[in-house]
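See below for the structure under consideration.
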Amino acid sequence: MTSTPKDLLEAIVEIRKQLCVLHQQLVTNSLVVWTAGNVSQRVPDAELFVIKASGVRYETMTDDDMVVCDLDGNPVDQFNTVDRKPSSDTAAHAYVYRHMADVGGVVHTHSPYATAFAAARKPIPCVLTMTGDEFGGEIPIGPLALIGDDAIGRGIVDTLSNSKSPAVLMANHGPFTIGEDATAAVKAAVMVEEVAKTTLFADVLGPLQPLEPAVIDRLHDRYQHVYGQ
Amino acid sequence: MTSTPKDLLEAIVEIRKQLCVLHQQLVTNSLVVWTAGNVSQRVPDAELFVIKASGVRYETMTDDDMVVCDLDGNPVDQFNTVDRKPSSDTAAHAYVYRHMADVGGVVHTHSPYATAFAAARKPIPCVLTMTGDEFGGEIPIGPLALIGDDAIGRGIVDTLSNSKSPAVLMANHGPFTIGEDATAAVKAAVMVEEVAKTTLFADVLGPLQPLEPAVIDRLHDRYQHVYGQ
Amino acid sequence: MTSTPKDLLEAIVEIRKQLCVLHQQLVTNSLVVWTAGNVSQRVPDAELFVIKASGVRYETMTDDDMVVCDLDGNPVDQFNTVDRKPSSDTAAHAYVYRHMADVGGVVHTHSPYATAFAAARKPIPCVLTMTGDEFGGEIPIGPLALIGDDAIGRGIVDTLSNSKSPAVLMANHGPFTIGEDATAAVKAAVMVEEVAKTTLFADVLGPLQPLEPAVIDRLHDRYQHVYGQ
Amino acid sequence: MTSTPKDLLEAIVEIRKQLCVLHQQLVTNSLVVWTAGNVSQRVPDAELFVIKASGVRYETMTDDDMVVCDLDGNPVDQFNTVDRKPSSDTAAHAYVYRHMADVGGVVHTHSPYATAFAAARKPIPCVLTMTGDEFGGEIPIGPLALIGDDAIGRGIVDTLSNSKSPAVLMANHGPFTIGEDATAAVKAAVMVEEVAKTTLFADVLGPLQPLEPAVIDRLHDRYQHVYGQ
């Protein structure tokens, strides 16, 4: 690469700042402890995304801990003034960005209620209007995939390509969520934990009363097109 | 409408301020995440009420995000300096104000323990003196009603008209609560979650030991007439 | 009464201040919501105790909301510059102070895990060394007693007189705890919720493994005599 | 002892400060209430460690409440300007430091989810990739050991010597964790509670789907060698 456009540099500065705020919201919403969890955001009009560095504590995190990577998940030195290794989940995020052009943000947590469904390898059934609104049906289970190659990324993409849901529960691992940007993906991470929690409590009271597919479609359609400003 | 009385304008300013505070208490009491949940308050001596705008985040909410509506749920431009679409639950709130003259405040949340009972379509049984005090008996389940017409509002009014309870658990959806003003309705939203949580934990230990109707009546009567300053 | 000793007035000022701090700790430890719960403290060398006013919110509570009462539970005007009705549980606190000379503080909450055991009318079994340390055995269930006369106070005193435990779970109601002063009673209220929570979780995993009486006695004896500064 | 090297004094000052911060993280992560729980750190190149004083409240804790002890658990007056009795769990920490040369930090809590497994005397099965990463397999149960002699320390060392896990759940008591320093031991205390919580929720949904030993080994090996900066 030759000279870097000023617009691109400014976009990266802004994304780093947003990602710091969004990582704190993982903490506020009780989705992560210690260094677990990561948020990434695609850089618009560039073959790049930005992701948390590996093993960084939320309490001391700064913009410098947000690492710019190419779409193969390799850090791009030109943009990273501090030498940081990106999140150990970077390959999974990169795979999603390479294969899902509409995705602008990815989040991974081990939030306990959603991860409980992942550990039991049970999808979260659609028993709440909130689940219909946000996920358009049950929240699916992905395969058991080990870190180290493209298995996790492929499991995410294969599962979400066949679902309206922006969240997948990777078996024995935890939720990955996607969105048009990092904020939307964080929202999905917050909502998957909230519906997991509520559904688990309902399961204790049982038996569950799933919504009809026609009801779910009506909820999802309205919410995606009418809700918000 | 011709000129607006100064008193009415001042009342609306004051209600907007109170509603901002009350929405924050939904957060403090863990009743809502992200943009879920809404509080409204009737404007005394006017055919108006004020409610949260649709899809607004709690962290950035200001008085301007509180939308003045008529009793059909339409925003009244004269009072809304900023253009905001009211909550997608506005029609349900409006229906309650039109049909229950004594109600001055309405709250809706998806608080997880109360919503778990709603998902299992089980009323919260009256096994706690606190439930007797606040709700005068079991907390009833309302119908499965979809957003988009008067079904939710009608379900709330029909259910609460036959109950001492200021809270109804709309099936597969979540609690709606009412009160003489918005503060009382928020109190009922806090209490329904607290008794739902405690009752669900008791159900785990089981079996539940419901209170006798005569005991419940005595608790409810005393609490409504003696408690407080 | 004639003139009031300056020492007594100073003691009351100090107790009011401490009670405000202790009530906030009920909130911090998730033992209460809205206006539920109350802490009282005996005034040393006087036939008096101080207790929260009825229906006061924790967020706006001040020293003036702490009401000085005689041991029959009647407010003593001489010490209360502001006119406040004491907690609706005042009669129960007063009964305890009249009948248990060593008790200097009483706390009542509806903390959800402990109240769940109360609703199921099951004592909290002694399956944790922490329960042995703090409570010297299982935490007992008291009778179902209604507010309005001495029934609650009598149920507390009768149950605790036959137990090493400073906490009793009043049936379908919630925990009352005692201590040599209000701080000790608040500590017992915090600990009863913590052991209730842990024991309920253990019950989910089940079956429970109760400690032997001889083990419990050794734990309790050491903790009461060796722990702390 | 004759004169004390300035380096040693500075090291102790620094450790006291770190231990205060780490004890607050037990509170932030909901691992402790009131005075329960304790963190210690070995002093490098000295036959000493530093531990919390007995019965100290987290809210008022200062560096002076961190007591310097020899490896038999006796306070060393030379380093303690304020007279404080060390934690009642000091003997267990001392035993670990005497018998495990690589351990630089020890933490003990009664965190409720981990302690629930301890009360049911069930190891936490390895059903989460996070458990494989951090603990290398199931988290073992230690013996029922009473305070007062070396029984607890011996139970910790015997159990952990036969496990990759840095955490042991002492039967009916609670978790003890170890690490190369106090920060690593606190991390293990945070993670054991997080996996206990998630696994208990998964157990409610059941049945659990344990990971294969070969999968666990691969996760653990990668995490110990690749994760972080």
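Order of writing sets the chain letters: A, B, C and D. Residues in each chain are counted from 1.
By our rule, a contact is a pair of C-beta atoms (placed from the backbone, for glycine too) under 8 Å apart; a residue touches a chain by one contact, two chains touch by 3 or more.
What you see is a predicted model, and the numbers here were worked out from it, not measured in a lab.
Farthest from subunit C, judged by the mean position of CA atoms in each chain, is A. Taking the mean of the C-alpha atoms as each chain's centre, subunit A and subunit C sit 45 Å apart.
Subunit A and subunit D, compared by their mean Cα positions, are separated by 32 Å. Shown for subunit B are the residues that touch two or more other chains, namely 204. Contact topology of the protein chains: cyclic, one closed ring where each chain has exactly two touching partners.
By the touch criterion stated above, subunit D contacts subunit A in their complex at residues 29, 127-130, 187, 190-191, 194, 197-199, 201-202, 204-209, 211, 215, 218-219, 222, 226-229.
On subunit A, the positions that touch subunit D within their shared complex are 33-36, 53-56, 84-85, 88, 110, 112-113, 115-117, 119-122, 144, 146-148, 171-174, 200, 203-204.
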